[in-house]
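Common to both upcoming complexes is chain A, partnered first by chain B, then by chain C.
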Partner chain A sequence: FTLSIYLSIYLSIYLSIYLSVCLSDSAGQFFSSGHTNNWAVLVCTSRFWFNYRHVANTLSVYRSVKRLGIPDSHIVLMLADDMACNHRNPKPATVFSHKNMELNVYGDDVEVDYRGYEVTVENFLRVLTGRLPPSTPRSKRLLSDDRSNILIYLTGHGGNGFLKFQDSEEISNVELADAFEQMWQKRRYNELLFIIDTCQGASMYERFYSPNLMALASSQVGEDSLSHQPDLAIGVHLMDRYTFYLLEFLEDIHPASKANMNDLFKVCPKSQCVSTPGHRTDLFLRDPGSVLITDFFGSVRKVEITTEAIDLTDPIKEVEERPANGDVHKEMHSYVDQLPVSEIIHQKPKQKDWHPPDGFILGLWTLILLVFFQTYGVKHLRHIF
Partner chain B sequence: MAAHRCCFPVWLFILCSFSLFIIAGSQETTVAPEQHASVLDNPQTAAETAEQTAGESGGVEERRWEGTEVRDAAAQKQAEPAVLQPTPQPKDDFQEELVVRPLHSGDIYASFQFRTLWETDFMRGNKVSHYRLFPKSLGQVISKFSVRELHISFTQGYWRTMQWGQPYLPSPPGAELWVWFQDSVTDVDATWKELTNVLSGIFCASLNFIDSTNTVQPSASFKPLGIGNVTDHRFLRYATLPREIVCTENLTPWKKLLPCGSKAGLAVLLKSEKLFHSSFHSQAVHIRPVCQDWQCKTTSWELRQTLNVVFDLHNSGQGKREWSLFKMFSRTLTEACPLASSSKIYIDITDNPEGEQFELSPATSLLSQAMVLGDRRTFSVYDLTQQDTFGSVRSLNLLIRWKSTEGDMLRPLLHAERYVAGYGLQTGEIHTLMYNHHPYRSFPVLLLDSVPWYLRLYIHTLTVTSKGKDNKPSYIHYQPSKDRVRPHLLEMLVQLPPNSVTEVTVQFERALLKWTEYTPDPNHGFYVGSSVISSLVPSTVAMDTNSTRERPLFSSFFPCKEESSYFVRVYTEPLLVNLPTPDFSMPYNVICLTCTVVAVGYGSLYNLLTRSFQIEEPSPGLAKRIANVIRKMRGFPGTMG
Partner chain C sequence: MAAPLTLLLVLAVTIRAALFRSSLAELIAERVEVVSPITAWKRVVEGLALLDLGVSPYSGDVFHETPLIIYLFHFVVDYAEITFMLADVITAVALYMAVKDYNKQVFRKQKFALEADRYPLDCLELIRSPKEIYLLNPFTILSCVAKSTCGLNNAVVALFIFSTIKGNTLLSAIFLCLATYQSIYPLTLCAPAMLYLMQRQYIPVNFRRASFWWFIAQYLFMYLGSLFVLICLSFFLLGSWDYMPSVYGFILSVPDLTPNIGLFWYFFAEMFEHFRLFFLCVFQINVFFYTIPLSVKLKEHPVFLIFMQLAVISIFKSYPTVGDIALYMAFLPVWSHLYRFLRNTFLVSCVLLACSTLFPVLWHLWIYAGSANSNFYYAITLLFNVAQILLVSDYFYAFLRREHHLTYGLYLKRKDGSEATLVLK
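Presenting the complex of A and B:
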């Protein structure tokens, strides 16, 4: 009888634990967005100092996504020129987005992954599709999977159906659409948000055909994207209009905010932008109103709570770092002469291949002749010649 | 009764669980203080030694006891009951140092050095898994790629030797990387390529542009700086990227390698907005094996992170000959890095023994002497591990105020410059000038030139002249270039006569590149890396040849073999050469021209050939047409002819 009571007590304890596990599983809508990690690819494709605003555009998006929690290891930042430490920059190591040097979007801990001549169409497409040389470091890769939400931001000079890279090459909207399709087929994204701030930006997303893509552009086909404000001290325009208002919008977003994509579509109306910002949602399966801004711009981690106890008290076995042969190599080391003059002078030039010494060949011929004369003698020479 | 029976097993259960908790808890508590102790290990001993040095010094000569004392203390710690430290951890040690040299031009030179020493062995298949002070990212690089020595530097600006004297650690503009591999590496070139890719990720730099076209294997320069007896130059690779930009993104990962990051110690001064607002900025990482003790039978790994910066009098100093830590770095110091065994600031006061040139405040009684670059220099020392350094305001803001603008710097004995001569876009001539300012001694220099393949050197035009006479080099190593495969490598050992200028000239031809090989901005020109001049310069004082004695970090980088001379490396300017560039709008022009020709020429011909001609009736005159219209309106059909 007593035994049965113990059993019932233990059973009830286990049951209650089991129930609580079931309850935590039932929080289904918690994972509704379907992604577990966030990535961002931010590209400025313009070189030269007068394109300062494009670098500032990219850096302001970088600042926002970093502030909202995407770590540097998940951001691939491409800047085609060095504006911060450019010799024309009156305040080195800064890039400002607002007049009177109000907001330094460059920050004190920026990590640029592709810079200068590395920003090419080839590298951009390779990063997207993941077809990089094997020794490429992790910071230069987009290591996303089918649970990744990816934000892709491009800025530069473009036209109807193309975007210029560094004034020397272009990427067309067809190439870009094919790259996204390849990403989809390789399961490199869950959902993808594409934002472009160039002239005739809407032409860049016209050809997209892969699922789960949402695209925004700063201007329609036939329209120019315009810059926002010049700064007299720096001497150039600081930002483009669309990204300027995008930054203002993103500055108000915090990791817990409930702003959705419909709010993002309202950023920079024609009265502010002069151009007409466009967006495309027909490829996207969810309702934009249910997609949070932080699904793409932030890295809001979903936490799964486990009620199982994990025993961590097992001591981790220390790996023996010093093998017993520590006493084997006991020869005296010494520093090397930095400029061993006599050694350098008497340094033998490296011999290419072994070849017999000159005397050897001469000796061989002598031997052959000797044997010849020994066998035939001089008088037989006339039979030969 | 039932309740009683029920209570008993519950109590038993609670008791069991409690005992389990206690066991778990006790294990936790035994683990925690062990880690804690190992973290605190060094600062404690450092504090002890600091007290000792404070007691011992005070006079002119600052004695150094740190090395032996630290080791003894650590040994005692390990001899204690092994409960705290079950396995002897490899010992590591971190030192930080800032040297400030006020320059006569009114500029100021600040040199940071951070050294991490670790008594471990990355080689022979050793799996090193527990890192404490040494950065793991670099440790893994060393063991994966079997690196024996690694030197990497990023520099913005050119070091002006004649104005500023010799730097403590020289570096060329742009990025420089040289690596000695272990002799166990079979495919050095593949390992080198992979290593550069990995380093480009670590330092956020475009080091992946290092390939066979800019890598050389010097045969006599760049001997290993660490210990080791093998110097087969097949395991050496050297490359420069003269155009590499250096900015905050390179400084960020560099700071992350420090044990304290930029949170404490001298590294709090490293604010990018100030550091890059300077005439010269250079940051470097040097990894090499060094002697563990005076016997030199076992090796430690040394990681030396250096940062050199020169602030301009007018640009950063607003033209006032007055400098302070706050003015230079917009920060003051409040503490040393708690993990550092030594944390010091040295101010070079050799030219200012009585304070007649500049005034230094707060004053310090601690002085130190060191042999640096062939000269005996005197330094004021501020020890940050002692609380009284920071005074009552708990912060240290060094102030250097110049009193006079007179006085001359000691002229450096060796300096070099380089330029391109010639005109046009076909040929040119590279001139390298090497100055020996010593009044009566000649000394040898080793010149290393690595020229890209698109400048085709005419090596038969190579001349070396000094004082108007031909100076025959005692050693020449020349490796010709191969187009798109490897660069030219020229190494020469030249004796520089006393008080002379030695000029090396060589002519070259500019190659035509394929149109895809041009950079996006070919009008900017193409860079040729600095020449490297390694030399043994006669020293005015006897140099310290004891490599194991404790010395300030800035004076202990290049090992010194003989007392009469010191080793120095000088870099010349990189060259910017214009190559013949095609008109990149040419395809567009051709298309326009072709279209025009087709439209006008062929189009009109085609028009003429295919058109059928017929005689047109002459059109009626204006009056008749009006009459026709009127007629129509009146209802008459037909028109007038």
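Presenting the complex of A and C:
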């Protein structure tokens, strides 16, 4: 009888410890991502009607990201050309992502932030690093902070180490890596997911060196990313393969899903994509298996309900610091007074006149006189004139 | 017609002074055809300012003049305009007296020549002295108004020519050394100077004769000695060897590719780094390469050789300006008796005129309007240089043809008595 009591006590203790460990695990997982807001920068870099698929790619990702909870105010959408209102579009005001026109990704609530010729390498880098002119409206800014998870999606035509913008300029992988480093140093992201769907896309993430970056690409160096299928009614290819299968994968994700990055890496294997998708996780601090899809694609906030009441009616009292020894009075340093600026700017440089060294003058004129007398001789001087 | 020298000088000085006072002076001083990174006045002022601030003027890529220029302008920088006008005047006077002397010698030589049929007009008496051409040449005026130190280079070269023709070996070596010290290319004028001086002292140009080698040794000793002295003296001016890479390294390795009227900039702008050294050597050798063949051919006519060498230098040097062109064009009236044998005068003069007017037009279109590109400007540069080369080779042909006529008669007849034609092979 005492043995059973002993056993039950032992079991209950063990269970409570186990549960607490479990709870702390899930609590740990609860707070493991460390981000408080989500941003998305979605860029389509090509123009012209036959690059319809790039616009459709970007709009599909935009649709998924919006559906999973990131609001328009946190999405910077850059489309280099307008396909929906292109005069070659037989179905105006629509952009389809699937043949048989099953899915119109344009919809009626698309907010494009950078359109047409505003999509340039300079604007893209300025958006990323935040170095925009003061007159830029908020909708065109990436107002992320050090607790933001950012999703960056690029699509267009690319090559080994570069991505072509607008058929006239390129961004190189080095520039992109440096922009991300600037973002890291300015604490503009917590974690960043970089997805690129171009030919030889893996070359674009080769040069990253900042922490907390994860990258996915649709093809390796030396491979081309291929488009999915043409639509005979519209007359162009509607989507690229990688983004098509990515969209299919994302359609199954809902805000509460627990799918993680390892599932994302499996999207579009070589049999479906023809090119080999690649990914890079060495700079990422967490294990990709513990990163949820919704950490980047959605804006999922977990709410903890508490039954406690917090009293906010008392004013917060300022805590006064007492100096260590009472007689020393700390000087108030204002930033302006630290350098004697007015003295510095009114200082004129001391004008030191340079004079050629005396030895030089002596030597030069001796030589000149020597030559003169050698040539003319003192007594022949009058014959010259 | 030889206008009196003083009248011409006054006129030239008036024109330059008027232009200095007008607003054109700044405009011209910025034109890339007139100033090059080596000769620009702006850079001289900058270098002197750096010196006043206690920094070596050769630090950075601003100043590429020799220390003697620093010394000269340190004292005359406020009177720069007068200095350049004086330089032009010296050049003109030196050339005038040189050519007068040369004419006298040529006359004397031809009196002693016994040829059967000489054409009646030994039209050497009709030579227009080079002074007008030099002073009133728009290129010279532009160069002077822009205060490009090319004018000083020209003055030194003119003094060198004057002293050579006068027969003074020491002065000729010293002035040549000064000219080489300024820019490396007058080195090639050693050969014609030596040939002329040997001719004057009746030393036969024969490799087997000891007097030939002895004279060459003397001249080279004077030349190299004064060059050595000058270089050491320049070291003592600033106390460092900084000026060597800044001046000579700059001339030889052509790092600055600002467009000018030469051939280097476009080519090296589009060259891959891998081949740069090779093509640099090729281009630089091109300047020095014509010395030996031309000296062999023209060993009896060293003054013409000087003219040819000056032309070759100003076409093929790394940073030519219109001032260099003005120098060799000053010689053209000396050979005005060759006019009847020139074949391309119309073409050359039209092309030179057209290109000179097109230079600023295409520059404006390229840089300011943005509707042309560097190819347009380079095309005109090429055409300009081709016209110059054509001019020089035309004169060469005419000279050789005249020599041939002097030896074999003007109206050539074949063996059967019919009229023959000369063909240049």
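Just so we're on the same page, the second predicted complex is superposed on the first by the 273 of 385 C-alpha atoms of A that agree within 3 Å, B and C clash if a C-alpha of one lies under 4 Å from a C-alpha of the other, contacts with A are read in each partner's own complex, and residues count from 1 in each chain.
The rule we apply is simple: contacts are C-beta pairs under 8 Å (C-beta built on N, C-alpha and C of every residue); 3 or more make two chains touch, one makes a residue touch a chain.
A quick note: this is a predicted structure, and the numbers were derived from the prediction, not measured.
Here chain B and chain C are compared by how many residues of chain A each touches, and B touches more. Residue contacts after overlaying the shared chain place A:V371 against chain C, while chain B stays out of touching range. In the superposition on chain A, contact is made by A:V110 with chain B only, not with chain C. By the touch criterion defined above, A:K258 reaches neither chain B nor chain C.
When the two complexes are overlaid on their common chain A, residue A:F360 makes contact with chain C while staying clear of chain B.
Listed in rising order, the residues of chain C touching chain A in the complex are 51-54, 70-71, 74, 168, 170-171, 174, 229, 233, 236-237, 239.
For chain A in complex with chain B, the residues that touch the partner chain are 2, 5-6, 9, 47-48, 82, 84-85, 91-94, 106-113, 115-118, 133, 135-140, 166-168, 313, 315, 318-323, 326, 330-341, 344-345, 347. Within the complex formed with chain A, the chain B residues making contact are 2, 5-6, 9-10, 23-24, 27-28, 86-88, 90, 120-121, 126-130, 156, 193-194, 197-198, 200-202, 204, 206, 208-209, 219-220, 223-229, 231, 243, 245-249, 252-253, 271-273, 275-277, 289, 291, 295-297, 299, 444, 446, 474-475, 493, 519-521, 534-536, 547, 558-559, 561, 567, 584. Note for the complex: chain A touches chain C at residues 349, 351-357, 359-360, 363-364, 367, 371, 374-375.
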